[in-house]
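This is the structure I have questions about; it appears just below.
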Amino acid sequence: MTDIKATMDALPGLDHRAPLLQIDDLHVEFRTRDGVAKAVNGASFWLSPGETLAILGESGCGKSVTAQAIMGILESPPGHITAGEIRYRGVDLLKLPEVQRRKVRANRIAMIFQDALSALNPVYTVGFQLAELFRVHRGMSRSDARNRAVDLLDQVKIPGARSRVNDYPHQFSGGMRQRVMIAMALALDPEVLIADEPTTALDVTVQAQIMGLLAELQRQRNMGLILITHDMGVVADVADRISVMYAGRVVEEAPVHDIYARPGHPYTRALLESIPRLDLKGRQLNVIRGLPPALTDIPRGCAFNPRCRYAKDPCRQDPAPPAYAIAPHRTARCHFFREVLGE
Amino acid sequence: MSDANLITVAEAPDVSGRSRSLAGDAWADLRRNKIFWISAVLVVVILLMAFVPSLFTSADPGACALSNKHKGPSGGAIFGYDFQGCDVFARTIYGTRASIEVGILSTLMAGLLGLIFGLSAGYFGGTTDAVLSRVTDIMLGVPFLLGAVVFSGRLSGSEDDGVWAVTLTLGVLTWTSAARVMRSSVIAVKSQDYVAAGRMLGASPGRLMFRHILPNSMASFIVVLTILLGTNIAAEATLSYLGVGLKGDAVSWGLQIAEAQDYARIAAHPLIWPSVFLAATVLAFIMLGDAIRDAFDPKLR
Amino acid sequence: MFRYIVRRLLQMILTFFGATFVVFALMFANQDDPIQALVGEKQASDSLRAALTERYHLDEGFLTQYWYYMKGLLTGDLGKSLTGRDISEMLADAWPVTIRLALLAVLIAAAIAVTTGVYAGIRRGGLFDNGTLLMTLLLLAMPIVVLAPLAQLVFAMELRWFPATTTKDATPYELLLPAIVLATTVIATQLRVTRTSVVENLRADYVRTARAKGLAPRRVTWVHVLRNSLIPVITLIGVDLGVLMSGAIVTEEVFNIPGVGFNLARGIRTEDGPLVVGFVSVLVIIFLVVNLAVDLLYAALDPRIRYE
């Protein structure tokens, strides 16, 4: 229990040269009384140490479900992973027995959630909730674990950590609470951090502070960071690469600057055009027509076709567009990526 | 969580499906609920037993012959005879009426009190609410049976069978739950947009109360009353058992149980049958209330 | 926390006077002949009339009567029963066995309700859950007047697993069957509230966080979910005490347990007004004090209230 490294090294198929995290053709569906909702339909992406990958998309595009699948905390039932692989350093997490999977959580892959107030347990002090990690995963004594909790609060720059460790979540401000969440996720020095809309619930000024803190901690620890967001502004500042998700698929993947300069998928393009820009003040904003598809009834072919101004007949027919390599390190799932790129 | 939420939204019936009213949805739900049908049929049978007992037995519950004392079940009396030689089946059937009478009347009384208290507390708010809520708290400060024992004890001097005394006792002491439910649902409805809109359009308080607020608060109120009907029937039996409920010549399950209990070692059937009927009656009303609540508030199922 | 306690204490004092007033008013208010109400259908002799008039100050105004009644309650002077026994002494004699019975019942109820409720909540919609719901429905429908005599008939007289009645100093074994009967009066609600609360809490975001922390399901349930789920159950204890008191009257009568409920039931049967009013008043006070304690316990369990 205490020697976490030995436990991790014993994972079947562990290969330190393999990519830090690789998701391949992930499919997740929710089987409910009213039908099957296909939340993720073949998502693929990878993550390297020290890198920030932004997963971008509207709510309901499957980005949070993907994150939960990686963590192994999908509510099941109704959630089921029907196909695909999630590999950490070559280890297929989906084939791992639950006991080992649990060790990976928090130790190697950790997650922070959007709403820290509801994500923290209201009836325990933040100290208890932090110390719990060290007690359960490291077998530390109560006082040692508590000291570590104070250290962590210090690291995430919570003033007066030694006394605040005895406070309850609701006694913190929104920004401070999110810092507690970050401290909790970083407690066991994970290599991958998944941040699911970490700043959406916060004020704009606080948002910047939290993103700054995340970036700083990431640099110090050389962590891979998956930043899940619908906010293109946040992405531009911190991400290295972007995966744009639509209806459970990654429709475009590219380094952040390329995508802003020249989007390769109509959906990405539409997203960029819907951001209000100062230099275009006074002109009408382009909004995306229609609604994201119901996950119980995803359109044939390219899921975006009913809302797409480039759509032609092939787009409306199965199979869905493959991931075209449109440039080095860039893919887009659009038959007409050349037109979209403006070539 | 946003994704999970979205999925539920995506799966919810489309707008045209939603245009059905809440009551319509609830009724569609009830119709498919087995528990509802079982309890509804039970309630109908119980009501028939209460008001037309002769449908079920031709025997006279008052015709007792000591020579029959503690005789077991036979063709004439399928539940046998009690210690006074009365036909247990006939007495059990005729005992339904007292229970149902007391149950319905006391629930109506509690409902009326609860309606007045809850509606005014919820609608007027402020000081009215504070005072009425304190009164409710004080009533809840007296455990029901303790209050009932003192109260019906003092009413016991009267000569009749005690139906009114018990009804009054139960009505006066059990309105609190109805009042609380009424109050909170009135407050919930009051804060909704369409009521605010009505107020802005100049609808009078009376009109608002009776056209908008009351109908929307009714569902949970009725559920509480249905369940209260069941528990009041149980309470009547308990009071009768203790000797402060129905008395004298009254035919009541509580009295039957009290009498039969002393002889349970010799003859168990006079104890068992009224017990079974009492439990079944209480069960029927509680189940009915439960089913209606599930239909109106499906999220907890 | 301090403000919360002060507020609750003030409410408690108000409720205390209100509730005792209600009990007193139920007995004496608007009564043509309060003495006849105290003695029931018996003929009250002139000397008894004089004694009761003096005792309850019936020759004075209603509020004065209430004042003397309160004074007696607070100084522990409950007067004498119609049989001439000192009511405070009767209470003192009856308490120990009733407390033992009640504690046993509460332990049984809590143990069964919480464990079953949690498992039913975890396996929501499953066979175990539906079975439990059905059981609670049946239990809710069983008035104590049905349950106590039938349990005695079946388990004590027919199967002979338990003694049918208890001796003066009731042993835990003798109290077991009555305690189970008494427990069933509160198990159903406790279990349902636990289950619903567990179901709701299992959906809470903090459960997802706990799982993301790599905690074992057992720890998530019994450490994280349970503590949150117990908060509404704790508030039930206060209400349940009232149910238990009512239940104890019938249960002690049926099983011949010489406790408070037994004495009260006898007082009711013999139409001993002073005894009934005295016992009921003391029980109401205990009920209120326990409810106050429960509210404070509630605050201790839910930090959100503590710092309100």
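Order of writing sets the chain letters: A, B and C. Residues in each chain are counted from 1.
Here is the rule we go by: a contact is a pair of C-beta atoms (placed from the backbone, for glycine too) under 8 Å apart; a residue touches a chain by one contact, two chains touch by 3 or more.
Quick caveat: nothing in here was measured; it's all calculated off a predicted structure.
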Most distant chain from chain B by Cα centroid: A
Pair of chains joined by more contacts [C-beta pairs], B-C or A-C: B-C
Chain centre separation (chain A, chain C; CA means) in Å: 52
Centroid spacing, where centroids are CA-atom means, of chain B and chain C in whole angstrom: 22
Junction residues of chain B, two or more chains touched: 1
Multi-chain contact residues (two or more partners), chain C: 205
Touching two or more other chains - residue numbers and ranges from chain A: 115
Chain C residues within the chain B interface of the complex: 11, 14-16, 18-19, 21-23, 26-28, 31, 36-37, 40-41, 125, 137-138, 140-146, 149-150, 152-153, 157, 196, 199, 205, 241-243, 245-246, 249-250, 253-254, 264-265, 268-269, 271, 273, 276-277, 280, 283-284, 287-288, 291
Touch list for chain A against partner chain C, complex: 68, 71, 73, 102-107, 110-111, 113, 115, 118-125, 132-133, 136-137, 168, 170-171, 181, 184
Chain C - residues contacting chain A, complex: 204-206, 208-216, 219, 224, 227-228, 231, 301-304, 307
Contacting residues of chain B [partner chain C, same complex]: 1, 134-135, 137-139, 141-147, 149-151, 153-154, 156-157, 230, 234-235, 237-238, 241-244, 254, 257-258, 260-261, 264-265, 268, 271-272, 275, 278-280, 282-283, 286-287, 290, 300-301
